[in-house]
Structure formats: C-alpha cells, structure tokens
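Two complexes, one shared chain (chain A), two partners (chain B, chain C).
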Partner chain A sequence: MKIDINNITMIYPSGKKALRDITTKLESPGFVGILGPNGAGKTTLMKLLIAGLVPTKGEIILDEKPLLSQETRLKSQLGYLPQSFGLYDELTVWQFLDYMAALKGVKSRKAVDEVINRTSLTEQRKNRIRSLSGGQRQRVGIAQALLGDPQLIILDEPTVGLDPEERVKFRNIFSEMAQNKIVLLSTHIVEDVQAVCSRVLVIYGGEILYDGAPSALISEAAGHVGTYVSGADDPIPDGCHVVSKVNVSEGIRCRIVAEALPTVAANVEPTLEDAYLYCIHKEGKK
Partner chain B sequence: MVKIFGYELKRLLTSGLFIAMLVVNAVFAWYVLTTDIIEGVAYTAPFSVWSCCGYFGKTLPLSMITVLLLQAGYYGKQQKRVDILIGASPLTYAQSLLIRTAVLGVCFLIICLIESILGVVFCAAFFGYYGFGAFILPTLLEIIPCFVFTIAVGHLVGRFHQGLIYVLLPIIFISSFGAAGAFDFFGGTFFSAYPMTLPLNPDGEPDFVINSLWLTARLIYLAAGTAILIVNSALSPKVKRA
Partner chain C sequence: MRFFSLYRVELRRLLLTKQIWLIAALCLCTPLLGYTVYSPVVWETTSGLYIGNPVLAGTAAGAILWAIIAIVEGSRQRRSGTDVLAEASAPPTAHSAAKTTALMTISAAVTLLCALLYLPFTAAKLEYLFDAGFYFMNFLVFMLPTWWISILFADGLYRITRRAELSALLYAALVYISFSRFAERNYFMQWLNPVIGSYSDGFPDIWYLRLGLYTRLVWLCIAAGLWAFSLICARKYQKGLIGSFVCGLKKVYLPVCAAALAVTGAVLWNVQPFIGNGSDEYDLENENKFMDENMTSEAITTANHYLKLDPVFGTLSGKSEYQLNKVKEGENILRLNAGYKIKSMTYGGETINFRTVKEDINGQYDTYFELPYKHGQKLIIEYGGYLTAARCYMPMVSTSIGSNYIRMTGTDCMPKLANYFVMKTDLEVTLPDGLTPFLGSEHKPLTDFTDNGDGTRTYRTALDVDYITDFVAGNYVTDEFSSDDYDFRFIYGDIYRSAVDKYDVRQTICSVFDYCTEHYGKPLYIDGDAFLLFQMNSMTGGGYAVSGMSTWLEDVISPNTLSDSNRGANATEIFIHEMIHQWWGGVGMWCDEDGLWSAEGLTVYSTYRIVKEKYGELYANQYYVEDWKREVAEQDRNFYNRHPEYLEKLPEHYSEQLSALNQSVNKYKRMPLMLLKAEELLGGEEQMDAVLKQMFADYNESVDGQYPVTYKEFLDYCGLTEEDLKLG
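Then we have the complex of A and B:
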C-alpha cells in the first residue's frame, strides 16, 4: 500500500486552519509516529486519511488513485482507533467485536477470538461492555482496530488508560504488525515513538516541521540540550525551554533545550523528547 | 448485513425504552378497544373493517411516537461516538440508513402485531368474531405509509440534530386530531366520519370500500417518505462537510 498526501490544506467552516499545505508519503512496511502538541493538526490528518473529512485543498492518493474515489476499498483495509470513541455497552465484548467484524466484512469467528486473545480480553469475552474498566474498554478499541488483518492501521493515542506493562505489550504488538503494513501512531508519549517507530512526523501549527528517522531528529538537537542546577526561585535563562525539573540535594536539576545553551548548563546527550521539544520551540521562535 | 441487522435489532428489542413503550402501547390499545371501539366506529359493528381501521387510527400516533423515540437514539451523543468506529468501516451511509430503518420497521411491526393480537382477542372474546381476513389490506394501507413517511422525516431531521426528532413528537400528537379529509395522516378522524356519508347495506351498515382519494393520499405519503429516504441516503454524511 502506498499513500501520497499532496499539498493538503484543511480549513474548517469555523475558519480554523488545521493543516497548511502538507505533503508527505506513506508506504508499507512502515511504522510512523506523529508527534505534535494539542491542536497541531494530528487528528485532522488522521480523519483525512480515513476519508472522514474532505480536504479544502490538495488530494490524497491511494495506490495511484484518489482516495475519495475508493473509499470502500480503503475502509476494507483499514484499522482505526480514534482518540475518543464509544462502544455498545449492552453487548458483550465478543458480540461487539463480532459486530465490528461483520461491519468490516470479516466472516471468520476465529478472527474475533484471535484479537480477543491478542488484546488479553479472554477473561472478559462474555462480560458486558458496560462492566469494563477504562483500560479494558481501550483494549476493546484496539482489538476492533486489529480485526481482519488491515493493511493500514491508524492509532490515535492508543495507549491512553493502559498501565505501563500493557503499554509496552501493545507497543510491541503494533511494532509486529508494522512488519508488512503501514501503522500510523499519534501519541503524546514520546517514549512510545522512540521505542518502535522507524519514522517520525512532527506537526506544529498545521505544518510538518520534521519528517524522517527519529535518530536524525535526535542528531539535530545535539548541542542544544543541557542540564544545570538552580535554586527554587531562580529565573529560567533567556531563550531556554525547560524539558524537566527534578529535585536533587543541591537544588533543582533543570533539563533545558535552547538554540544556544547558557554557560551554566552542561551539554548532555539528547533524547527524542528533547529533540521534539527543541524542534517545536525552534519553530515557535520563527 | 444480516448479522449487523441482527445485532442492531437485538440492541433495540432488549432496550428498556422499547419494552416500556411496548407495555404502554398495549395498555393504551386495550383502553381504546374497551372504551371506544366497543361501541363501534360510525355506528358499525366493533368487529367491522371500519372499526378495525378506526382502531389503528387511534393507536398509530402512540406507535409512531414510540418509533421516533427509538429513532432518536440513533442520533444521540452515545451513538455518535460509536458511529466514529462504524464510519471507518466499509459500511456505507446508505446501507447504515437502510439497516436502521429496517430495525425500526421490525420494532413498529411488533407493536402493531401486539395491538392486532389484542384486537383479535377482543373481537373473539367479546363478540365471538374470527373473520379477520378482510382487515389485512386496509390495515396495511393505513399503517405502512404512516411508518415510512414518519421514519423518513425523522432520519432527515435527525442527521441535523437529535432534538429535531423530539420536535416531531408534539406534531405527531397534534396530527392525530387531523381533519376528516382523506389526507388525515393516521386515519382516526377519517374512519369515524367517512362511513357516515355512505349508503347502508341490508344489515344497516355501510359496506367497506377503499376510497380512491384516501388511497391516493396513502400512496402520496408512501412515495414522499420513500423519496425522502432515498435523497437522505444519497447525501454525504454530515461529518464530511465539517
């Protein structure tokens, strides 16, 4: 599968410009992480990719043909987990997944059993959805996205509500699936992207700021990340952005990103989170 | 499609709203039979076709209100959150509309069936009457256009806002006191007045005839409802225009 996103602009009727002239390419196999602050345009991009919205300008091409002209084909190969979704509370886990399988044209009952096992819902399979916890509901959401071995998997904040152990487990499941598919993962948890994605898109203000390997993004931030120990009331040096603060015996250890590090800061090896924040703040300055 | 229909039907049939409204409809139907129809419609026997049509004319408004209440659930916040997942499946908007209309149709038919059973029990128990064959066609002509037109309007307004379906409820209620003309939507008033204008047969009752103007009105309601459903299913879903 190959998706070309050509000069996409999305302006909502309210006048809000969600995406500005976005161009990129998605090809299988590929595990792409999308990073960006709230309101950056990540969800809008995902809705455009599932043909849930029509772009104001530009077009999306799926395997050499316009996506909107082959909506049914796209959706028959799509696994989608939105950030916020509802389930039929009155059905059991198995019934709901069987219903979703019917919607996707998956006839095999085995497929339902398989995703139930994969998402560790075996014990809850006969439980009504209304009796599930938040994390279990999220797992049902993930299970329905994995039904029918889709070729394009779009996951918007999939690990929200999961405990750390489950998060790692699902991260690995998504990574396995990306061996022969396109998996698109939007998340605020940079660690998830760093652990499994082969490519990262940083979106800010409706534009793509970075599109490439996570390692290259980290390299770009080298020399722009530092730490220093400050007092509780000390001001943050000009042009610096604090990534994290940790209380230590000498005071507060601040981890900062800056175009030019202040002399008090010691240069440290950047992480993807540092690199992402550096990328965002560099653009914010512009 | 059959499995999706089965699950959607199961959800509605097992809902508290449907079960409660089914009981209310049954109680109301029995009340209509024992207080109104027992006297016969337009001086005809309580087991005449006129009385049968008059009976459904009186019970249909509540049946349609029930169906609209069930239909409103398809346009509520909870359903919209599930529709995000459904919208990402290959099921088209038109197919979804067709399934939901069919599910509501089955719920409506179950209500009508319960009312019919009550009518049969009433005629059999009170009057020892069992010849119901002649009742079927006029009854279907009365109830089906009502259902198709109401449900089509409900789907059309519901896609804009769930609240608009609730606005239809008082309109349905007011319509039940409709004019005696052939265009009387539910037929309650028409079937009480029209037989009085007909000559009496040797038994002292007017023979049942399907009035051509009334039939035309039913066909117009049916055609209009079908047209609204088709146009609605052809329009792209609201989300696409966001």
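Then we have the complex of A and C:
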C-alpha cells in the first residue's frame, strides 16, 4: 500500500485552518509516529486519511488512485481507532467484535478470536462491555482496529488508559503489525514513538515541521539540550524552554532546550522528547 | 452478502438492547386500547369490536412506539460515539439498510406475537364466527405495514435532521395529518389510522382489507422514498445537510430510487380504484334528473346482460346488449360505476365512438355517445374493471366483489342508459359456486343455473325491470317453516346455522308474527306467498322491509349482541324488535327531526309488551322501563340540554354528537316511555292495543300505506294532547 498526500490544505467551515499545504508519502511497511501539540492538525490528518473529511485543497492518492474514489476499498483495508469512540454496552466483547467484523466485511470468526487473544481479552470475551474498565474498553477499541488484518492501521492515542505493562505490550503488537503494513500512531507519549516508530512526523500549526527518522530528529537537537540547577524563584534564561524540572538536594534540576544554551547549562544527550520540543520551539519562533 | 452479514449483527445487537424489549412489550399491550379508549370502527359488529378496533389501535399506537425507538436508536448511536467506528468500517448505505431492516424484522416478529397473544380471547369472543385467516390477515395488512411505514418515516427523518427532537416534531406533524379532520374525508391520507367502516361477522368481506393493503402499499412507497432520500442527506465528511446532500447525489442510484419510490406512491394514489373522487354528499338531484330522462323516454328496448365476476381480484367483466326499437337523435348518455372502463361499444355491428367524462357522480361516470339514426339495431357495450365505492357512502362501504360475499347495486352491475326505457332484462351472471345469489330489493333467489365445472356457476333470470337495484351473493341457507297464520322463507348465512338453532329463532319469528297479528292486525308487507326474511350483511348499515320481505342485520344474532346484558336483550328479544318493524316500519317511518315520533319508538314499546308477556313484568320493568327512565333522566340532566343557549358555543363536532345522542335517546327511550304514559292515561294495555290496532288498520288503507301516521294523528287516536304525554 502506498499513500501520497499531495499539498493538502484543510480549512473547516468555521474558518479554522487545520492543515496547510501538507505533502508527504506513506508506504508499507512503515510505522509512522505523529507528534504535535493539541490542535496541531494530527486528528484532521487522520480523518482525511480515513475519508472522514474532504480536503479543501490538494488530494490524497491511494495506490495511484484518488482516495475518495475508493472509499469502499479503503474501509476494507482500514483499522481505525479514533481518539474518542463509543461501544455498545449491551453486547459482550465477543459480540461487539463480531459486530465490527461484520461491519468490516471480515467473514472469518477466527479473526475475532485472534484479536481477542492478541489484546488479552480472553477472560473478558463473554463479559458485557458495560462491565469493563476504562483500560479494557480501550483494548476492545484496539482489538476492533486490528480485526481482519488491515493494511492501513490508524491509531489516535491508542494507549490512553492502559497501564505501563499493557502500553509496552501494545506498542510491541503495533510494531509487529508494521512489518508489512502502514501503521500510523498519533500520541502524546513520545516514549512510545521513540520505542517503535521508524519514522516520525512532527506537526505544528497545521504544518509538518519534521518528517524523518527519530534518530535524525534527535541528532538535530544535539547541542541544544542541557541541564542546570536553579533556585525556586530563579527566572528561566531567555530563549530557553523547560523540558522537565526535578527537585534535587541542591535545588531544582531543569532540563532545557534552546537554540543557544546558556552558560549555566551543561550539554546533555537529547532524547526524542527533547528533540520534539526543540523542533516545535525552533519552528514556533519562525 | 455484505448486507446479510450486517443485517445479522444488527438484528442481534438490537435484540440485546433493553429498549427494544420495552417497546415490544408495550406494542403487545397496544391492542388493549382498542377494547377501551380507541374504537375507530364505525359500525361495531363483533368482528369490528374484537378484531377491527384492537388491530387498528395496535396499528396506530404501535407505529408511534416503533418511531420512537427508531429515533432513539439513531440518536443513541450518535451520542455514544458508536457511529464513529461504524462509519469508518462499513458502507453507509448497506449499513443503514441493515439497521432499518433489522428493526423492521423485530416489528414483524412482534406483530406475529401480538396476533398469537390475542387469538384465544378473540376466538372466544367471536365463537362460531371466528375465522383465523381473516384474523391474521388484519394484523398482516394493517399492523405490520403501518409499523414499517412508521419506522421508515422516523428513521428517515432522523437521518435528515440528525436531531432527535426535531425529527420527533416532524414525525408528530405526520401523525397529526393522519388524524386531522382533513384526512377524515381523504381516506388515503390516513397513513397511521387506516379506515374500517364495518366488518361483517358472517360474510367476511375483504373490501377494507384490500383498501388497507393498497393504502399501506402507497405509504410504504412514500415512506421508503423518504428513507432513500434520507440516505442522500446522510452526513458525510463532517459537512452539513446541504453539503452532505450534494455529496450524496453522486451516488446516482439513491436519488433515482427515492424519486422512483415517491413517484410510484403518487401514481398508485392517483390511480386507486377503491373510492370515487366525487362529492361527500349524495347527489340526489343529479340522480333523479337522470332517472327522469329515462322514465320519460319513448324509446323502448329490451336488454341482455352477461356478467362475470372475479372474486379474487374484485373485478367485474360485463357485456350488455340492448335491442333499440327507436334511436334517440343526438347525444346519448349512459352511467356506469366509476371503476369500470368501457372497452367497446357497437351499434348494428358498427363501432361507436364514446367519451367518458370523469366527473364522479355518486361513484359513477357518465359516458356520451351518438348512435347512427337506424332503428331496431343492437347496441353492445363491453365494460369491466374494479368496483369503485362512492365517496358519499364512505366509510360504510357495502358494495364489493369478494370470495365470501358480493354486493352490487345499480350501475355496479350494468350501465344505466338515459333516454331509453328498458322493458325487459335478461341477466346471466357467472359466480363462484359457493355463493348463492339474490336479486333486487326483494332479494329474490336466483335458482336457474348451470354448473360450469370450473368452480363457477352461471345463473340466468328474466326481469321486468330496467336495471338491477341490488345484487347480493353469499354463503346463504334457506329454511322454510310456518306459524299459525304465515309461511316463512328464512334466509341467513350458513355460519349462523348453529346460532339459529341454539336460540330457536324460527319459533321466535312465528310467535312474534302471531302476537302482532292478533294485537295489531296483518302486516302490510305480507302478500300471498311465503314471507321472506333475509339476513343482511352488517356492512349495509341498516335493514328495511318491502312487500313480502323483511331484512334483518346479521349482528342481531352475533355473540356480542347476545352477550350484552345491558340491553336486557337476548337474541329472542332483538329478533322480536326486528320482526315488529313489519308492523311499525311504515307507520312512523318519517320520524320527527328530534326523534320523538318514530317507527323505532313504536317498535321498542311493542317489544317491551311482548317481552312482558313472555318473561313477566319484573323482567320487562328491569330491562326496559327502568332503562328508559335512566337514560331519559340522564338526557334531562345534561347541561347543554338544560341550557341550549350554550350549545351554539360548542364546536360543531360536539354539538352534532349531542344532537345524534338526543335523537337516539328520544327514539329508543323517551318515546317508548311516552307511549307507556299514554297507555296509563288510556286505562291500560287493552285500550292502548285497540288504539294501535285502529291506527295500523287506517294506515294500511291509506293508499297502501303511503302516508305514515304523524304524532298529532296518534294523539288524536288516543284523545290526548302533547302536554299529556310530556314526561315530568
């Protein structure tokens, strides 16, 4: 599968410009993490990719044909987990997934059992959805997205509500699936992206600030990340953005990103989170 | 295939939803409204009471419940966010179709359950009249399609508006239209509350079922059209109604389907063969004018009519041949049922041009034609079609062609020619062999027939009338018996045979005739032959008497009438009442406008007298006199009767209701009570009987009973004044 996103601009009827002239390419296999602050345009991009929206300008090409002309094909190959979704509380886990399988045109009932096992819902398969915890409901959501071995998996904040152990497990599942598919993962948990994504898109203000390997993004931030210890009331040096603050015996250890590190700060090895913030703030200044 | 897998899971999902079970349970209760608060059947026979009313109540109330669940389901999916996953996974049209079909399937199952649930009770109430096929047909024809129509409307409206309260409001407007006064006379508008004027118990006619099925089909097309239109409006790409509509138009098959369905509905509505499009009022003037032209004509002719009836489709195919001794110059007119089409017309073998003016006059169209001025030739008219009911008779339709019962009057059978007076008519009519035909208002049986060997018989008869006033065929049996003074031919529906035996109807007839003859003299309508008592289908709405014959309505002997203890009546008493009409039917035939002097009042009084003699004074007082007093007292207590100046302020509908009630009480309760007072003032029963006997004798001599006795004349016979008979 190959998706070409060509000069996409999306302006909502309210006048809000969600995406500005975005161009990129998605190809299987590929595990793409999408990073960006709230309102950056991540969800809009995903809705465009599932044909839930029509771009104001530009077009999306799926395997060399316009995406909107092959919605049925897209839906048959799509696994989608939206940020917020509802489940039928009156159904059991198995019944709900069987329901979703029918909606997706997945005929094999084995597929339902497979995703149940894969998402560790075996014990809950006969439980009504209304009796599930938040994390279990999220797992049902993930399970439905994985149904029928879709070629394009779009996951919007899939690990919200999961405990750390489950989070690790699921990101490994996603990683496995990305061996021969396109997996698009939008998340605020940069660690997840760093752990499994082969490519990262940083979106800010409706534009792609960065599109490439996470390691390259990290490299770009080298020399722009530092730490220093400050007092409680000390001001943050000009041009610096705090990544984290940790209370230590000497005061507060601040981790900062800056175009030019202040002299008080010691240069440290950047993480993806540092690189992401550096990228955002650098472009934000522009 | 995709649809079926979607349908399967949607059906299961709905069946696991609590609200569906709640609605299903409520739907099962809705027919109960038909036994209590909602009784739309106009003439309440036992079938009307225990099949018509409950089914129609369940139809209307259930339809509203299904609409509620359709809107609630749509709204719930949107509010809970389950539609997000569905929209990203399934083709929207197939998914919407699967969801709606699943809901319709459940409503079908509930219809079946409903029919089964009320079956034992209905069968017990209808006793020997119960016909399981007819019972289930009512559920299938009225309830199920109406529920489907309602679901389609509600689902479609929600998809268009995407707002529960707005779609509910629009649906309520549709309900209002169906129940509005406008729809009351435009029966096809009644999509939610189909019309049943009356149901015959013993001659189950399917006219109302046919009309119901047809109107359901019309509305199903319209509702499905709206539903298909709603698919075009289904929200896409986060666009609003108009944006989504424009996107939806790209699926060309959707607007095509929506338009095709709506157009089909409109066309079906327009070409409906059931009800004429004439006036609500019977056009007596036009009818008389037409008859006058006929009677004053000098052109005399003889006629042969060949009729073939198809009870399955309710159609007639006819050929009329007129031997014209003299041709009228210029334009000729014939009148025929509006549902029939003239296929050809020839005169002396020459094809005649004709034009039918589609202006409905009492359910008939006039056809104009000119004949070549050649006397003594044969005019042949071939015609046929579906028998249409005149709008002015609605909702009580008594004419139809069905498998169990056929009734046609006048131009339902054959053309009526203006300008030609038909001296002699030969009739040949082909019918299913289970039906016995009777002709004319005298209901003379047709006996000369040949068996065609294909399940039909062809009857032949010669008549010295210009056309047939009444043709009835049904599953009738004939009993012949005699009293001291009379021979009787008693004709009734075969289904009533056991009841006739059980309630000793023959003996009752004999005893009433003997009693009344002894007390009042011989009835006017008795001639030399056996007296014919003919059981009429209740759909005719009333009985009558002519020379040598009297009709009685079938519901006189229905289980419901026989079990109504409030009437103090059993079959015998009601029979007594109907038979007494042979004496008083004409005497007070033209009742006063307020009903204070009428044949009914005299008949009720005489019934009381016979009952008193038969069962004793205590019984007669309890079930007759006390009942009259109670009803009259209630009438007198009524606020509007005490203060008629406020009556004008009431809406016309209510004042009409009160007026009808007052007339009924005056006829059936007040007048008998006044006669009882007259009896007391005259000095007793003997004196009263003498007055009535004299009055009846004088009436009989008054040019063969042409002039009914007035109230004033009655008072003169008694030597009393109006003031004397006023009730305190």
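In this text, the second predicted complex is superposed on the first by the 286 of 286 C-alpha atoms of A that agree within 3 Å, B and C clash if a C-alpha of one lies under 4 Å from a C-alpha of the other, contacts with A are read in each partner's own complex, and residues count from 1 in each chain.
The definition used in the following text is that a residue touches a chain if its C-beta (ideal position, glycine included) is under 8 Å from a C-beta of that chain, and two chains touch if they have at least 3 such contacts.
A quick note: this is a predicted structure, and the numbers were derived from the prediction, not measured.
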| item | value |
| --- | --- |
| Fit or clash between chain C and chain B when superposed on chain A | clash |
| Contacts of A:Ala102 with chain B and chain C, given as first, second, both or neither | both |
| Touching partner for A:Phe85 - first (chain B), second (chain C), both, neither | both |
| Partner chain(s) touched by A:Thr72 [first = chain B, second = chain C, both, neither] | both |
| Chain B versus chain C as contact partner of A:Gly52, first or second or both or neither | both |
| Set intersection of chain A contacts, chain C complex versus chain B complex | 12-13, 50, 52-54, 72, 75, 78, 80, 82, 84-88, 90-91, 95, 98-100, 102-105, 141, 144 |
| In the complex, chain A residues that touch chain B | 12-13, 50, 52-54, 72, 75-76, 78, 80, 82, 84-88, 90-91, 95, 98-100, 102-105, 141, 144 |
| Residue ranges of chain B touching chain A (in the complex, touch as defined) | 3-4, 7, 11, 14-15, 78-82, 84-92, 239-242 |
| Sites on chain A touched by chain C in the complex | 12-13, 47, 50-54, 72, 75, 78, 80, 82, 84-88, 90-91, 95, 98-100, 102-105, 107, 141, 144 |
| Parts of chain C lying in touch with chain A, wherever the complex brings them together | 2, 5-6, 8-10, 12-13, 16-18, 77, 79-91, 95, 237-240, 247 |
